[in-house]
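These notes concern the structure reproduced below.
As written, the chain order gives the labels A, B, C, D, E and F, with residue 1 at the start of each chain.
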Amino acid sequence: MLVTALVRPVVLRALAEDLEGGDLTTEATVPEGARAVGRAIAGGPIVVCGGDVFRTVFHELDPSLHVTVVTEEGALAQRGQVLWEVRGSARSILMGERTALNFVQRMSGIATLARRFVGALPQGSVTRITDTRKTTPGLRMLERYAVRTGGAHNHRDTLGSAVLIKDNHIVAAGGVRAAVTRARARAPHTTRIEIEVETLPMLDEALSAGADIVMLDNFAPDEVAEAVKRAHGKAQVEVSGGITLERVATLARAGVDVVSVGALTHSAPAADIGLDLSNEGAPTT
Amino acid sequence: MLVTALVRPVVLRALAEDLEGGDLTTEATVPEGARAVGRAIAGGPIVVCGGDVFRTVFHELDPSLHVTVVTEEGALAQRGQVLWEVRGSARSILMGERTALNFVQRMSGIATLARRFVGALPQGSVTRITDTRKTTPGLRMLERYAVRTGGAHNHRDTLGSAVLIKDNHIVAAGGVRAAVTRARARAPHTTRIEIEVETLPMLDEALSAGADIVMLDNFAPDEVAEAVKRAHGKAQVEVSGGITLERVATLARAGVDVVSVGALTHSAPAADIGLDLSNEGAPTT
Amino acid sequence: MLVTALVRPVVLRALAEDLEGGDLTTEATVPEGARAVGRAIAGGPIVVCGGDVFRTVFHELDPSLHVTVVTEEGALAQRGQVLWEVRGSARSILMGERTALNFVQRMSGIATLARRFVGALPQGSVTRITDTRKTTPGLRMLERYAVRTGGAHNHRDTLGSAVLIKDNHIVAAGGVRAAVTRARARAPHTTRIEIEVETLPMLDEALSAGADIVMLDNFAPDEVAEAVKRAHGKAQVEVSGGITLERVATLARAGVDVVSVGALTHSAPAADIGLDLSNEGAPTT
Amino acid sequence: MLVTALVRPVVLRALAEDLEGGDLTTEATVPEGARAVGRAIAGGPIVVCGGDVFRTVFHELDPSLHVTVVTEEGALAQRGQVLWEVRGSARSILMGERTALNFVQRMSGIATLARRFVGALPQGSVTRITDTRKTTPGLRMLERYAVRTGGAHNHRDTLGSAVLIKDNHIVAAGGVRAAVTRARARAPHTTRIEIEVETLPMLDEALSAGADIVMLDNFAPDEVAEAVKRAHGKAQVEVSGGITLERVATLARAGVDVVSVGALTHSAPAADIGLDLSNEGAPTT
Amino acid sequence: MLVTALVRPVVLRALAEDLEGGDLTTEATVPEGARAVGRAIAGGPIVVCGGDVFRTVFHELDPSLHVTVVTEEGALAQRGQVLWEVRGSARSILMGERTALNFVQRMSGIATLARRFVGALPQGSVTRITDTRKTTPGLRMLERYAVRTGGAHNHRDTLGSAVLIKDNHIVAAGGVRAAVTRARARAPHTTRIEIEVETLPMLDEALSAGADIVMLDNFAPDEVAEAVKRAHGKAQVEVSGGITLERVATLARAGVDVVSVGALTHSAPAADIGLDLSNEGAPTT
Amino acid sequence: MLVTALVRPVVLRALAEDLEGGDLTTEATVPEGARAVGRAIAGGPIVVCGGDVFRTVFHELDPSLHVTVVTEEGALAQRGQVLWEVRGSARSILMGERTALNFVQRMSGIATLARRFVGALPQGSVTRITDTRKTTPGLRMLERYAVRTGGAHNHRDTLGSAVLIKDNHIVAAGGVRAAVTRARARAPHTTRIEIEVETLPMLDEALSAGADIVMLDNFAPDEVAEAVKRAHGKAQVEVSGGITLERVATLARAGVDVVSVGALTHSAPAADIGLDLSNEGAPTT
């Protein structure tokens, strides 16, 4: 669920970026009264994401445009499937086309990649796939939403919403126990304390210091299994860094609670979505 | 070259996105006076891009931080190579780390991919690789800069900076000649007129109508060659859509002037760059 | 055509400028439920421009106001002619009156001046009158639109949408040929290369370097004619600087392609438009 | 005096308007390290205004630029006189030139026109020339400052800073007395009450109702004199509407306290100011 | 009366502050289609203020929500009384609840305190209770409106809307007379001149210099009476600083014109208002 | 710790609110070159908070002003104690005075109230006093910081940073267990699950459903004790609503973990802080 009031400023910046000088081509070639229907169509199998943003782009540009959702958010669409329709002034549709597609291609790209990672989990697994804070500057809200739409989970939203103690924090605090203790004393009581550990002894120290979540950094497969055993009943186990689709099943079978994947947001290729315009469009539904 | 005044609002939005609730972990674990040096390090071979943005992130966050460029913009860095250094308050460095990396990983990712496409051109080729308007909403300025840093060229910036007539415009205008003529009459005299064509007859019409640039849509390889021949001395030839590294050389050899590649900005994977913190940093240079 | 989404922030800034402290007079003297109709009326012959902005001001201020266009955009209105009507809350109309008029007086002033320059061209002339980048800070989009509404053309929109090489660029680049060559190599292929020349030999160099457009700086009338002759078939000829209504016809007859006029936007006097309020307004149409 | 913090957002919008797509010409032709000095030079006699804005434009664009004030704010400069200098990166100076000039040409244009109106007052006159709220949307702060710089005075700043009752307010309130009384009861005690009157009887009613200022609308010359006599010792007299340089002296001699002139801000022609660049600039002072 | 266009940005910032990371609880527990009615209810006797802001919060968040005013602005509501209703998506109501209440609790708190001060005036008194510029940063417009809603008056809005000469200004100007004279010469003719005085001789000097309003600083009760006598017919008398409900009647009886109270805006406790949600709400009216 | 980059926009809005029309008084009475020192002085015992904001206000207004911290953040200052000094242009200091004080009076007021609540805890108590989301719209970041400065803790920052299930959520989800389970499944693994309970049986259900924190709503004192006993070792216990200084010790002795107090931010009276200006200021330290 996206709050339109918060999406609108992001959309407006994108429209301004493309349109502040007008649209030379459309104004010259398309008559002012011409009407059309634009259909967003999947160019291959994708997880659909961004309908609200698609609608917001066109509504901001021209409130008289009418947008219809044809394929539901989160559905797996096939090549050629219509996702959304926009109907009204041909000029307005052409002027918003690229901006709208730039959003939904990215969002659907992320949702599609998230779905692939979730799909790589063994049947019945309770392991979570999560994103990270490696999001596109300015688009975190949209990208986290796309991750959820793809069936994965979100990690902490910001530096202020949860504690994640990394190596530099540990050094600065003077050790694992000191770091966990200080964070516990300072952070809101609503927040869990997560800490990154590099070895099994460090894990033991983190567990004994009362960490709620341990993040294993660079653990060998058998060390991961051992870590899960030691943490059992005491803390959740998260693995991050260099996660591939192949490793996901192994980690899940080892009993890891959370696998966080930066690539979900920083390296998802754009989903292939195009906009087909026709001058006499009849409603799809 | 990036204008800092215009980069700053983009950076501020990114900082606000991550830090408006403070940094629970750093504030709890890192003493206020602690000083450190952070070194941005390449995790593999990449084309370096984003030094000015890296600096702006840390300067906005804490004007007392000192940023040094170690590897020049546009250079090819190897795994382990230091790109930039930031020195000062350990807290400030830790709080800005993720935001800074989110920018430079994306920008260097784009520059690296652009360099690969440019590198795929035959020796001595005058064919241009360009981006498209398929950029990340809100980051077009940074991404176009990254494309140039990687050695490729920019296509038109916005809908208002040049004319590109597509199929829907042609239909709306009532044909190729009408579309070109109207665009010529309406657009600034500083702008060339580009038109997308789907067949050789359509190309001929575009050339006779006086188009400055023709974009070949879905032309078979031998048609491309024929198109180049017909356009010779009359118009530039651009090819777009489904461009792979493999096709680039073929198109260049066929004499195509411009190859535009949406993937440069919409699907470039993030470059692998990390930030190594050490508590006693001596200057690199 | 103006994109409302991009006009709205400009309008909001103007409303905030005038109304953030409320309207002491109206709140004290006009009852909350009072209704009125306001008619924007021309105080002399003007080219009408700004209906969309007029509407946006009142709609932003009070979405229940109803705005009607009485005289079409671009029409030549006579003294006393009603241009637009706004109907609804008397308080809201009074609060928005000044802001709305400040916009449309400026826009119609520019359109009116543009029309005069266009009207000064000889019958059947193909010479273009264009604006420059000498626009009011923050209002370029509106002013360029007003120029077009008056029948003139736009020059390049921004420093990033086309190349215009001036004397300082030539010096810095090391000569006309170097400047043109570098610009050609660097600028998007969609952009023409314009260069300012001060003498006939410089013009020759620019033509031989392949400039697309030459701008004549301070050429005597007979030199202009000679320049047009030499550039024929090779480049467009633009004249700028100190253009008066009187010179326009001469330049057009000399075959100049483009005459750019800074005064269109930087020195157009405000059009005389007032708002007449009546307490019981019947619809005009 | 201008508050830089409040000028900066206005300047940033102007820079973004021109530069968000970069500066194709400068980046292509001017080497990155080139240094220059730019001198803003008057093209005719003008009242100098806008030095702080000139500086802010260049400092925002490139904090390493150095700006020097050569001619003081408010001075009358002659053709050829240097007003300000900017020294540093040639690229940065060229990129900011147009934006800086757009501001100072407008501001100096207003100051120059204001000076002419003030100069039209008889020797020793205490009559004030003031501006109105007919300012350019988004630039009111700068334009009011320019009016003061030219030696004229400001009228009320916003609808919330003082009361000015016009004909529509009077009708809505049910008469002059009711309007004045209500405004007195509602407005801050720090604010005077001004009312527009159309006839001498209306003036009498306004005076007896305790108006602090009366604005004469469309009064014949002898009526103005009579109005001044009747208002003497009771209220200030302001005349507005259709004020020319010629009428100013007459009105002042008639004893009018305030003459408000919309043209100061809505129709002042741009002052002629150019920027001369030289590659080796020695300091002027 | 509040201008919605100017309230909206304030509301949007507040929504962003709370909701940019979504609403974890509501999204997890409340089904997307669930509908509810929320009733804002007074927890004790309060002066009702903020209905337009309440509506704006919910409309910005979700335009499909329907807000009804049940108790009129400015009314005195009793414990348990319904003030406003919002009807529609249960999710949207829950997501906006806190933001809406944060606004109206503050506004109603100020209105309630203002009413208490006004109520402390003797029957028939013409003394004004006013606010000061000691408002919450970013909320001045809303707080001044709340003061008026409570029945008190506003003092000057900004540093630019009226003159108030304090001790430091007097010292800098070289005395009371010089300060008043300079202010008179410089300030708009629509503005009164107020000056703060500390002794009776200083008061005399201010009166003789022509001050319009004198503000008594730290005057003993009998000195206040004497000051009122001396100022009679020459200037209004304002008292500020350390005003309690008890002192108000005394000051009014002494004939003071204006009593300004910083606490109205800087120390008003929040009004007790809660939001009761029910899943099947029937319209109240 | 406050991030200056994020404080700056808040400060700029406040400055614009007060200064967009200039400062009539200061510009008229204080010479441009006058220099002064302003000392912020406590008017009674307060917990000092807001030094960074004080500095930011003056630096934004005039970068040449020099601000010194005299009393450390979080210290208890006595009446007459100097907190901060600002030195430089007398005009700039006077123009920023009110804005700076409006911030620090509010922040110190909150810190002072927070300290009183923390001081009401029994010696050695581990009970936390926390704020709530009942903060001033637009100032949450500053107010949460003030709460910490006073020695209390923050509750969750936003609706997106932790889960807090209230009665309406429980009803919508179909019961306590369903609500907790759904929240657990949906929320980030870094977040604890808090739920509000109204009876002991409801508490039991919450504990058995695995809630991490239970918030007791309207529990009688002996019920609180019983709740603490039942929750022991299973969940943290929070009490909220109608908390007075008197109740705090009782709740702490009963073993409650967290006491959240809305009044900390919504009803803290402004701290008494004034700015003393002197024309020849010698450094304090």
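As a working rule, contacts are C-beta pairs under 8 Å (C-beta built on N, C-alpha and C of every residue); 3 or more make two chains touch, one makes a residue touch a chain.
In this text the structure is predicted, and so the values were computed from the model without any measurement.
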Furthest chain, CA centroid comparison against subunit B: E
Interface sides of subunit C and subunit E: same vs different residues, half threshold: different
Identity of the chain that, by mean CA position, is farthest from subunit C: F
Where subunit B and subunit E are represented by their mean Cα positions, the distance between them in whole Å: 51
Distance from subunit F to subunit D - Cα centre to Cα centre, in angstrom: 43
Interchain centroid distance [CA atoms averaged], subunit A/subunit F, Å: 32
Touching two or more other chains - residues of subunit B: 17, 19-22, 27, 95, 141, 157-158, 160-164, 188, 191
Touch list for subunit E against partner subunit D, complex: 128, 130, 153-158, 160-164, 188-192, 194, 213, 236, 238, 257-258
Subunit A partner contacts - residues on subunit C that touch it in the complex: 1, 3-6, 9, 141, 144-145, 157-158, 161
Subunit D residues touching subunit B - in the complex, by the definition given at the top: 12, 15-16, 19-22, 27, 32, 60-63, 91, 95
Complex contacts: residues of subunit F adjacent to subunit E: 10-11, 13-14, 17-31, 34, 36, 90, 94-95, 98-99, 101-103, 105-106, 109, 133-140, 158-166, 168-173, 178-179, 182-183, 185-188, 191, 262-263, 266-267, 269-270, 277, 279
